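This structure is in structure tokens; I'll ask about it shortly.
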Amino acid sequence: MNATATDTHEQHDSHAHGLSDATAIKIALILGTMTALEVSTYFVDFGAFFMPVLMVLMVVKFLTVVSYFMHLKFEHQMFKFLFYTGLGLALFVYFVALATFKFFS
Amino acid sequence: MSHDSTLTGSEQNLTIFKGMIHSARLRRIGLALGASSAMFLSGCASNAPQDTWQPKGENAEKINTLQWMVFPLAGIVGVLVFSLIGYILWRFRDKGQAIPHQSHGNPTIEITLTIIPALILSVVGVFTFRGIFQLAQTNDTQMVINVTGQQWWWEYDYPAQVVNGVEIAQPIITSGQLVIPTGTKVLLRETSRDVIHSYWIPALNGKKDAVPGRINLLRIQANKPGIFAGQCSEFCGLSHANMRMEAVALSPEDFATWIANQQRNAESPAQATLADEGETVFLNQCIRCHQVNGLKKADGTAAIAAPDENVYAGAAPNLTHLMSRNTFAGAAFDLLTDGCRKNVWSAAPEEFGAVYLKGVIADCLNQTNIRRWLRNAPAMKPMYANPVKLEASDGKYRGMPNLGLSESDIDKLVAYLSTLK
Amino acid sequence: MAMWLFLGSECLLFGGLISTYMLYRGRVTQGPRPSQVFDIPFTSVSSFVLLMSSLTMVLAVTSAQRKDNHRTKLWLMVTASLGATFVGGQVYEFTAFYNEGLGFTTNLFSSSFYTLTGFHGVHVTVGVIMLLSLRGIISKDKDTGDRPEVVELIGLYWHFVDIVWIIIFTLVYLIPA
Amino acid sequence: MAIIERPTPADTISLRMPVTPAQSMGIVRRPVTSTGWKSWVFTVDHKKIGIMYGVFAMFFFIVGGVEALLIRLQLAAPDGKILSADLYNQMFTMHATTMIFLFAMPMAAAFANYFLPLQLGARDVAFPRLNALGLWLLVAGGLILNSSWFLGGAADGGWFMYSPNSGPVFSPSNGVDFWTIGVQIAGFGSLVSSINLIVTILNMRAPGMTLMKMPVFCWMIMVVQFLLVFSLPVITVALVLLTFQRSFGATFFDVAQGADPLLWQHLFWIFGHPEVYVLILPAFGIISEVLPTFSRKPLFGYPFVVFSGASIGLVGFGVWSHHMFATGLGPISVAAFSIATMAIAIPTGVKIFNWTLTMWGGKIWYSTAMKFAIGLIVLFTIGGLSGVTHAVAPSDTQQTDTYYIVAHFHYVLVGGMVFGLFSGFYYWWPKVFGKMLNEKLGGWNFWLMVIGMNMTFGPMHILGLQGQPRRMYVWTEARAGEGFFNFGFWNRVASLGSFILAIGILIFLINVVHTARKGKPAPLDPWDARTLEWITTSPPKEHNFDRIPVVHHLDEFFHRKYQENTTTGEMVQIATGAQLVQAEEDNADAHIHLPSPSYWPIAIAVGVGTLGLGVVYGVPIMIVGVLIILGSAFGFVLEPSVADDIDYDPPMSGGQDTKELAPLG
Amino acid sequence: MFTTGSKYYFGVAGLGSLGAVLYMVLVNPCDVGVLALLGIAIAMSLVGGVAQFTDDFDADTVSEAVTASASAPAKSMWPLLLALGGVLLLVGMTAKPIIFILGIVVIFAAGVEWALQSWAERASTDSAFNRFVRERALSSLELPLLAGGIVATIAVAFSRIMLAVSPQSGAILFIMIATAVLVVGFLVALKTNLKKSTIAATCVLGAVVLLVSGGIAGFSGNREELVVAAAEDHYSHKECEAASSEHFDKNSNNAVSMKSGISATIRVKDGKLTAQLIGIDTPVQVVTLARSNLTTILFRNLDDAQYRLVANLGTQKVGDTGVEEEIVDCTQMTGKDQTQALILKISKPSASSGPYTLTVPGLEGQEIAVVVP
């Protein structure tokens, strides 16, 4: 692929984000597959695996986009701290709040 | 003993400031003053109806035990800290000494000072933990009452049940004063018809919010007969300050008497009396919202109030046994004259039941209050009763409107209401 | 850095909206329930579209880093088009739901659903406007200057919108089905 | 000596553009005026913005204070007649809202804005224009909040605005709408400025200043900004839900549809509890500067103070439900939150011990600033200890929503926060205005405030434990009780005390006026201070530092003045502050780049305000607001990073020495 | 090609016809507004044709003027747009408010642009500089509004198409559109030798297709199911029979997400109906509910058969007719181990129109009595 060739060539010049166009496309394909798998739960009965499968896929997709597309994986510790603090707090706070409504019982 | 060790703290704090500029001698005098004043204060036994330090029932006692643990503890810590500060302020004032060594701290001291409070707090934590679960216990309940808050009064309904061997065959509805038997574990199932209120009889238990759409549980128990004051303690709008309640504890025998009375329907007054005319006024006006059980319309059918069509909350106090209660309008106003009220409130536990069950006898009826109320209720207790301003609530009142009754109607109504014992 | 902080903060915003929805989706006294109106095949395509727009955004960012103005503009346009189609999909979805009797004020589910997805839709729209404007700025202003950073920042925002949708799609659409 | 280089008039005329653009281009250029009202309104200078925050906050401090006095007048006697029930409810709602959102937070922002760059050794904040935007959004929010007094009545649901009482049926006036909009806008302002300040702290410290060599004040401000960044979106959600319900008929808190009113409470307190620390931590930061300065000793256990501050912040996100012990959460939640609440007392205790031990072995100078700082330690401890008594959840069910709680948080907020801020006033006044506040008046100010504060809030402990609930527009003789602890006496004492407190604050204002007119010029280093803000002139120059300082120590300034005698271990003075400042001036940097002022921050704020009013008054106004926002936001983004040479008056030539804008600010 | 002047006239004509089409789609195809707009279009095309033919009436003067002075007024389409706005305003007054609003917007936009342009022209004698001034002053408004306009157009057109076609073909269409955009993107990115005009043509073609089909779709209206659904509003009435109902029970689910605030739980187990009240540990057969109180009741089915919980809440008079109508509320069909919530508010005491009961169709002879004092 044309674009990819130039890309790998120039990769060293650009920031050390370590994400070439080709990799990006591959990741997007993987993400697409996962979404397809998610959608398939609507058509196929997964039984007891329904919730865990969806949850795992969701988390994996989320982290993939954050780590690669948003290249947080390659960023400074401080950036990770800023974002994951927000994310972690949100998870903690809202999980607890939902629990007090007996959401999970 | 002192009711409030934090008070001692603030005394102490003033003392410290004196110590800061004056000598140690003065400071010591201050300390002594603080201590003696605390003793003096505790000597004055107060008679506050909503005192949180005078438990009269099991759960309130449990809370009180915890209070007696944590307040003195806080007080002691306070005294220690303030003494240390006072000492430092005096000892290290600028006496012309050299610039001190630039010490950046001492990890041993710091870790110690972190661990000590942590230990103290974990002890408190254990007791708190136990207390919380004890107070939440409901599985040995002996009686259930539904408590419903609305702007700005409380309704109590007693579902059909057998309490201490006495059967409540028909549900009882009353308001303002909650009547319970002594020595019985009573479960209040609290909810609300409009906004959040909070039910709080300090002598019997801590407060618990009445949240619309939810049922919150509060267990109370009274050791001895008596009357206990309370006050809605979650801000609930305009007349929050006027939303009060009282709990009345009667001995089981007296309670049976009370139940028997409450199960009666109201009887129409004798023909051609003032009270009879009052009944007609009632049927013309008050029945729109206020139910009187057993009241019949002119055509002989049962008169059923329709508060849901007139009041936003969809309820108004049931007046069948109005005169068996001592207060009205959200327990904000007395039906009793001051003297009679005092008799009830200061009655000894043994004779309390007899005094209370007399209800509001003619001599004791507080004519001023009830007439003022009938003349113009919103003027006495702020309520949303101006029809012009009720767009948001579909024209329904929140509270009682000014009915524009004539003085003679008021006379008649008072006569009729006095018959509702 | 500021963008990451902002996104961290946005996590709590969407967290709150999602929690509200999760709490209320089952409390329906009148009108349709979630599983009665959702059109999963359609929403799946929406999700794919948004996911692919994330990819094209990545391509725009890498192009910008290569100072390849032509491809940057191209990928920005593609991302914006996909984003605008997604918004169109949402407009369609809302209209269809409304026709099926699910107004904003119908029940708790509808209020919290429209608020959550509407907030997300507004974020997407703002993103598209930023992408298009950025493209316009690049056309007008030949000097690239600090453009790669700007493209990257908008990219971060765009991916964030995408990950929010990843969560919404699973929690809101797939689970009640 | 460095100046911001401007060209001489000789360079002015560019032949290419004979028409004077100043007349022709108005808004498309960046404004450059450095005097007059425009220099304030369009400024991006953190010092001017800080001062404006301060003035704004002080104004609302007085407004909120007057509201408080009216409340105390009403409650001085049973069945008070001064305020109607309706007005009283508005009064206590607005008192809390004003004091929290329009006094405490802006005042903390004033200190943060002014002193953060100075203490960090930076020339400005990271995003100067966002800084201005934060201020103007706050002003817009404040104006909207208070305009409700004149437009049909203020909000009357309490600052906690519990649903469903805040819903359209139970609060039919526009007051609550104004409240939600106003708080929302002020919240955006805080969010913007907190992101800005965090980036400033993380990116713009002077060379050599590691995070652990950063003054504690900066640390506390950073913790506060993190709390804001992560808690404001939560209140945003809550306010959005409420606004949608009130304005567009959504069902979020409509119990008839099955909604649960506790949702609001959770969202509100997830924000509201961190907010408490947002209020108190800046004051902690201030006295952590004041105590070492006046004890002539470094802060005892600096890392412990820093980490306790950070852990207060973190744990502060896990204790919100202790405001809801009585709402029927169930015993498990109550127990968990009760324990977590006790846990937060530990880092707080650590701080108090460390402050106390800072003074140990020191050489204490009882200046007014120091007195206020000591006052904070003592009064805050009282508030903290009473806090522990209601961390015990069962005990709390007797105390919550009574005056005991009012006493508790006023000890914490007045005794803690306000005293801390006043300590900061007296400490930094010479820095900001170059004149010393009068110490004698300061003494009066302090003692009247101490006496007034204890008289006002001390008795409330008694009132609360005697069972007087909060938020009641009247209290009644029938429930007042008899004997020494009756409501009547202590309510009177509290009302009297509130006026003494007010006189104390009035004396501060008198002091300010007195100082402005007759105050002594301040020496360069009046307090023998320790941190970087004193290494420049008072008031600081527009560019703060002639030379960006290089940091080797915590308390850099002190260590440049004193050195330890290695044999005796004594601290020996090697230079005076004035000498150090002179040294900096002599070695000034040649070129200093500062951002130009901008029109757009205030324009955006106007747009946001218009949009907010539109939510109350109708869609057309909303559209106008959106257009203003769009236009000014893009104006903001597209604004040239450098003011054009010709915009200067006199215009300047060339690009390299002009003011420069921080990237994407 | 076209002369300068004729371009404007043709432009207005195009706008007019576009406006007419939009008007037909959005408001009403047979309205006076359409006629007015078409009239404008035709008139303008005529004038444009004349202008084209006569070389802008007098080409020389115009070109002379342009070259004569850099500060001469530049070409401007704003006056015309302003006029168009005025026309829209007039049409809107007689026809639809939306046209009126559109007219205001156009007038406003054209006014601002014109004013700023003429102001910029007087900024200096240097026309390049003037352009720069104009751009800086206006791009902050133009860019976002233009972008917003594009988003809105795509969104509206696309959603009209989706509303018109069936859900299945809609999804497929959606896939096709998205794929097309992607493919074009990749093609252009990879084939660097593509001509600009080709790319532009493709884009324009895509836009035109989208707009036209959007217009047609909007004109032809929503697909039938949606029209029917809107007319019937079939989720609004509850069908509380023993049998499953078509709409009300469609895709019923047990997402009772929030289980706090429950007043009572009704269970079916082994064909037996029991009630459990919060705070009372033994099952009961009589439930006392306070009047006018919102009560959430959970219905939990532990049996294999599908059941629903029905609340029979007496009767009420319908208006003044005197006809008594039964008040009934119910849950959806509830499968095994599923839970549904029922939220009740009973405003009349059971003494007035009772007795009230909770029943489960299919479990005859069993009921939970509801007492409302």
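Here are some notes:
Chains: A, B, C, D and E, in written order; residue numbering restarts at 1 for each.
One rule holds in what follows: a contact is a pair of C-beta atoms (placed from the backbone, for glycine too) under 8 Å apart; a residue touches a chain by one contact, two chains touch by 3 or more.
Because the structure is predicted, anything quoted here is derived from the model rather than measured.
The chains in contact with chain B as well as with chain D are E.
Hopping across touching chains, the smallest step count from chain A to chain B is 2. Of all chains displayed, D has the C-alpha centre closest to the centre of the whole protein C-alpha set. For chain C, the chain whose average C-alpha position is most distant is B. Centroid distances built from C-alpha atoms place B farthest away from chain E.
Chain C and chain E have centres, each the mean of its CA atoms, that are 17 Å apart. Averaged Cα coordinates give chain B a centre that lies 52 Å from the centre of chain E.
Annotation: 31 Å between the Cα-based centres of chain A and chain E. Centre-to-centre spacing of chain D and chain E amounts to 43 Å, using the average Cα coordinate of each chain. For chain E, residues that reach two or more other chains under the stated contact definition are 139, 143-144, 148, 189, 257-258, 260-261, 294, 296, 341, 343, 345. The residues of chain D that reach two or more other chains are 202, 229-230, 234, 255-260, 262-263, 267, 330, 634, 638, listed in rising order.
In chain C, the residues that touch at least two other chains are 1, 5, 8-12, 16, 22-24, 27, 29, 41, 44, 48, 52, 59, 71, 133, 137, 177. Interface note: chains touch in the pairs A-C, A-D, A-E, B-D, B-E, C-D, C-E, D-E. Across the complex, chain A meets chain C through its residues 3, 6-7, 10, 13-15, 17, 19-21, 24-25, 27-28, 31-32, 35, 38-39, 41-42, 51, 54-55, 57-58, 61-62, 65-66, 69-70, 72, 78-79, 82-87, 89-91, 93-94, 97-98, 101, 103.
Chain B contributes residues 138-139, 141, 144, 146, 148, 155, 157, 159-160, 170-173, 187, 189, 191, 193, 211-215, 217, 291, 302, 304, 306-308, 313-315 to its touches with chain E in the complex. Chain A meets chain E in the complex at residues 1-3, 100-103, 105. Residues of chain C that touch chain E in their complex: 22-27, 29-36, 39, 41-42, 44-46, 48-49, 52, 56, 59, 71, 74-75, 77-78, 80-85, 87-92, 95-96, 99-102, 125, 128-133, 136-137, 140, 176-177. Of all residues in chain D, only 84-86, 89, 157-158, 162, 164-165, 168-170, 172, 255, 258-262, 295-304, 326-328, 330-331, 334-335, 338-339, 342-343, 345-346, 349-350, 352-354, 356-357, 359-366, 374-375, 377-379, 381-382, 385-386, 388-389, 391-402, 407, 450, 454, 458, 461-462, 464-475, 478-487, 554-555, 558, 562, 564, 569-571, 573 touch chain B in the complex they form.
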